[in-house]
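Structures incoming, each one as structure tokens.
Next come two complexes built around chain A: one with chain B, the other with chain C.
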Partner chain A sequence: MDNLVKELKEEIIKVLNLEDITPEDIDETAPLFGEGLGLDSIDALELIVMLEKNYGIKLEDPAKGKEIFQSINVMADYVANNRKK
Partner chain B sequence: MSRQRQIVVTGIGALSAIGNSPEQMLSALMDRRSGVGPIEHLLTAHHEFPCGEVKLTNEQMVNLLGLPAEGAYTRTFLIGALALRQAVGMAGLKPEELPKCGFINGTTVGGMDKSELYYTDFRTTLDHREYIATHDCGACSDMIAEQAGRFAFVTTLSTACSSAANAIILGANMIEAGECDMVVAGGSECITKYHLNGFNTLKILDTEQCRPFDRDRAGINLGEGAAFIVIETAESAARRGATPLCALSGWGNACDAFHQTATSPEGEGAYLAMRKALEMSGLNPADIAYVNAHGTGTINNDETEAVALSRIFSQSSQQSHPWISSTKSYTGHTTSASGSIESVICILAMQHGFVPASLGLSNPIADGQLSFAPTEVLRQPLNHVMCNSFGFGGNDSSLIFSKTASEVSEVSEASEPSDIFIEAAEQISCQAPLSEEWMTEPATPAVPYQRSTDPNFRDFFPPLVARKMGRLIKRAVVTSLRAIEHSGIAMPEAIVTGTGLGCVENTEAFLTALTDHGEELLQPTQFMQSTHNTIGSMIAIHTGNHGYNATYSQKSASMESALLDAYEQMRLGAIDSALVGAHDEVTPTYYTLLEKTGYVGAEGQTPCCEASVSIMLGREEKGSLCRLDSVRMAHRPTKEDLFAIVSQSVPDVVMLGLNGNEANDRPYADILCLLGDVSIPAAQYKSVFGECYSASGLGLYALAHCLDRGIVPAHMSLTGKEITGIKSALLINHSDGLNFTFVKLSK
Partner chain C sequence: MAETLEHKQWQGTTDGPQFLHRAIIPVMRWTPLWLHYSVLVFYVLGYLTFSPKSRRVTYQFFRQAMGWGRFKSMLGVLKNHFRFGQIITDRFAKYAGKKFNITVEGREIFDNLAEKPGCFMVISSHTGCYEMAGYSLTSTKKRINTVSYGKEVKSIMDNRREQFAVTGTNMIFVNDDMSHLFEINNALRRGEVVSIPGDRLFGSTKYIVCDFFGRPAKFPRGPFATAAQRGAPVITAFVMKGRYRDYHMVVRSLTDGLPDGLSRAELEQTIAQNFASALEAELRKYPTQWFNYYDFWE
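Let's turn to the complex of A and B:
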């Protein structure tokens, strides 16, 4: 799980172009949206594309993203349980 | 802004999913017949999305236009050429009258339909390379214009879904300023796999017929089409014996300055655009009988447009509300053409006295606050109608048409224009950034192409802010911030941007993914940054600027188009300051494509470079670099025209866009020959800054700084000797032998 958490952090930094942010800077329990990194609805769509590309997870309803992207830990749990690759 | 002249509409032409002419569209509207259905022409995997296609194949349109069967025709060009022919025909414009008439097109897609088809060939072979040159928005307008003949000037607005509305606004401003009496304006856009997939990455396409303003709405149906309207002064129409169909009584453009794709919760940009249009028309909200809303059918647009409409129309003192409907459930969202297609629908509604029915609306939002048109056609006279068009980046515009031309209270000759000054000019290019080192120690750009020398962007914004900006946007924002700072003007009243191709890096990334990996797993950020107006809107978002905002994509004349827009509005007194920009970038792949068109890479030609220039215009002479005396564009000037323009008042120096390519340089040599008797010192700027669509922005920038110091350095002078004591100058530019531009500056 720790590896997946680290991998997700690295992917998020890459996909969302979070220059200057290191995986250590991201608190795995903190909300990804709203405060903190200042992510928006387009970022959520980018993360949905990333989940499908990297893990074969297809989210038809973008609203579902909100639940999954609550925090890195929630995201990691979801990926671990639903990944197709 | 008070109105100077009465502007009437004397011709309309349109093609859309509901008909190949205004007459056919009228009968579909009366019969409540939607043109949205299964995709037939577009080659795509996404058949789950119904679209509003024009019901003609490219071959049929080639035949209708009487064009040779073999030729490099893009669909946007074909649809546009047919619409233009109709509009010019209805207005009774004769070929000999066109050189006095401007042509302003709005498009964002341009020739993307062919680029996405042949992108593999473009990159790996010479096959289909004729379609590389038809890709640009400006090339599309040039081709449409050529079908009609010779216009006074040609330019292209590219503000995504408000492009056509902004084309009409520029036309109206040009007429108001007395620059010309007649303009044909509108937009043309075909559906492409590129933007169908782009909208799909944003998850805003409906798999059923769209339901604007319905509680259960689920997004957009894409559409395609073109429409042009002929606008002219009432005197011009009377002189020509043309019958006015209606009047254009008001227009407004504002920027939401909120987000690249989302609208602000209070609909600020939409509200400001409608309010400006109403103020200009002198009408009260209660006078508006019908609003053709932007109403795309997305959750976000319709919700915030309803908020903005309520702010305008639901004031307690009002007696009646206008009927509101969105006709996108008939035509689909025709993106860049929607402003003119829906203007034509408004004009038809007014002419024939009916309110277009709200197709598919069963549970309206904002119930009770606004009066959405019923699902049946209402027959009633309409005296004043409003047409809304909003684009990505918050480029919001609103037009008001009236059945009869209202008396302009004080029809007066345009008063003497107040002086306009270049207060500041900044660049990022192959030279040292944000400095004038090029005057004394120019860097030598690398062959065959050279990317810009960027400043440290972290000095300007934190990484979290910069992460949504491509390199070109960062440069544009940085040069803008610096120019604004040096101008002493806190907030420019307008942001007008020129860019030949916008953020090429993003367009290329999206197109490559689409071509090489298919229509899945595409990234929304790449798509939204690939619209040309993303640069201008990011400047507005970054500086919180809600003023006028427009973007021009007219190949090498993009900067001059933007400058002309700002100049005319300042002459009219509509604004007292403007930030004018010119921004283009080059990538390794894009360079190889450009080379295949012959635009760059010829033996002895100056290298291809990138350019970001921001220029602040204001009214303050003190501390300014120079005075902006005039801006002119000429579509296909004859030698006599050219002589008349350049010999009007002979400047101390002419600044030319020579680049060492014979085809590019010949027109400049011809102009110098025309002026043979007076022997004006000549200078060049591409030897220092290189070649790109925004190169003339650097020419203007350089000339302004030369005038400020009174000298042109030896390395820019054609004789190799420093030119001193200059007090006036003329920047001359052309775009492949078309669209000549002349910018006059003085100290």
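Let's turn to the complex of A and C:
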């Protein structure tokens, strides 16, 4: 799981082009949107597409998205249990 | 360069009480359009008196972007607001079943993409009456999804939904819970068409700086980032008002002839700049038909 958390952090930094942030700067328990990383709707769309491309996870339900994007840890847990790639 | 901007701009909803919106449709079925345009003159004069912000930003647009003199700019402010009133009137007239003549230049660009497999995007703008495109740019092969500001008044939304249901257009409303993102993504994944405004910041506050009328201006990053992310072809359509019941639609490709090997950021920037240039070219032809009542260059 630790490897997946690290991988997700690196992917998020890459797809969102967070140039000044390192994986160590991201708190895996902090909210991704609003506080924490302070991501917004464009970033959310990037994450939806990233999950689809990298892990074969198609997120279609907004309620599910809200649940998954709570934090890196929650996201990693969901990816581990639902990945197709 | 993509950056962020606090969005406290004009909210973009239609003015006026809802009972009036509802009452006007049956009235319009039995009255000529010119009569409503005549009444509009008084409404526009009253509106301009009590709306210094829209008066100021429109005047600045004519002075600074178009380079017009003081008198011509003041006249432009009047014409712009009257045009806007006419376009809102035309929307209701359309809901009431009145017919308009719409000529289309570049329809083959839309039709070619609609025939091919895969999604594409239409970037719209707050010029003329884009809603009229919903009655003309239709496809039997692909569903069209129009992203719309979710807080527009109910009477407008209900009528828009009813009218577009006839042409098979699906409305996606921008919501605070980001559910619209899932709808946009699902539509693109299914190979459908997504139409989204490209000249107003709403939803996300991230923007791309483009050259617009010779000065840097902020365009919303969302539509261009979404297109670049999917590598989707992008077109734009402007539906400008002509005389009385005439509209002229122009369709342009924003992604034809792009150089190979562009990075994601470069692709976003190039599509956004192509849109800004196409919008500028259209506004130079129809300077009184841009209805974005906030300082676009702030």
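Remarks
Quick note on the criterion: the second predicted complex is superposed on the first by the 83 of 85 C-alpha atoms of A that agree within 3 Å, B and C clash if a C-alpha of one lies under 4 Å from a C-alpha of the other, contacts with A are read in each partner's own complex, and residues count from 1 in each chain.
Going forward, a contact is a pair of C-beta atoms (placed from the backbone, for glycine too) under 8 Å apart; a residue touches a chain by one contact, two chains touch by 3 or more.
Here the structure is a predicted model, which is why all the values come from computation and not from measurement.
On the shared subunit chain A, the superposed partners chain B and chain C overlap sterically.
Shared-chain residue A:N17: touches chain B and chain C both.
In the superposed model, A:K66 lies in contact with chain C only, and not with chain B.
Shared-chain residue A:I42: touches chain B and chain C both.
Residues 17, 40-42, 45-46, 49, 52, 62 of chain A touch chain B in one complex and chain C in the other. Those residues of chain A whose C-beta lies close enough to touch chain B in the complex are 16-21, 37-38, 40-42, 45-46, 49, 52-53, 62.
On the side of chain C, the complex with chain A involves touching residues 4, 177-179, 181-182, 184-186, 189, 203-206, 221-222, 225-226, 229-230, 265. Across the complex, chain A is touched by residues 201-203, 259-262, 463-464, 466-468, 521-525, 528 of chain B. Residues of chain A touching chain C in their complex: 17, 40-42, 44-46, 48-49, 52, 58-62, 65-66.
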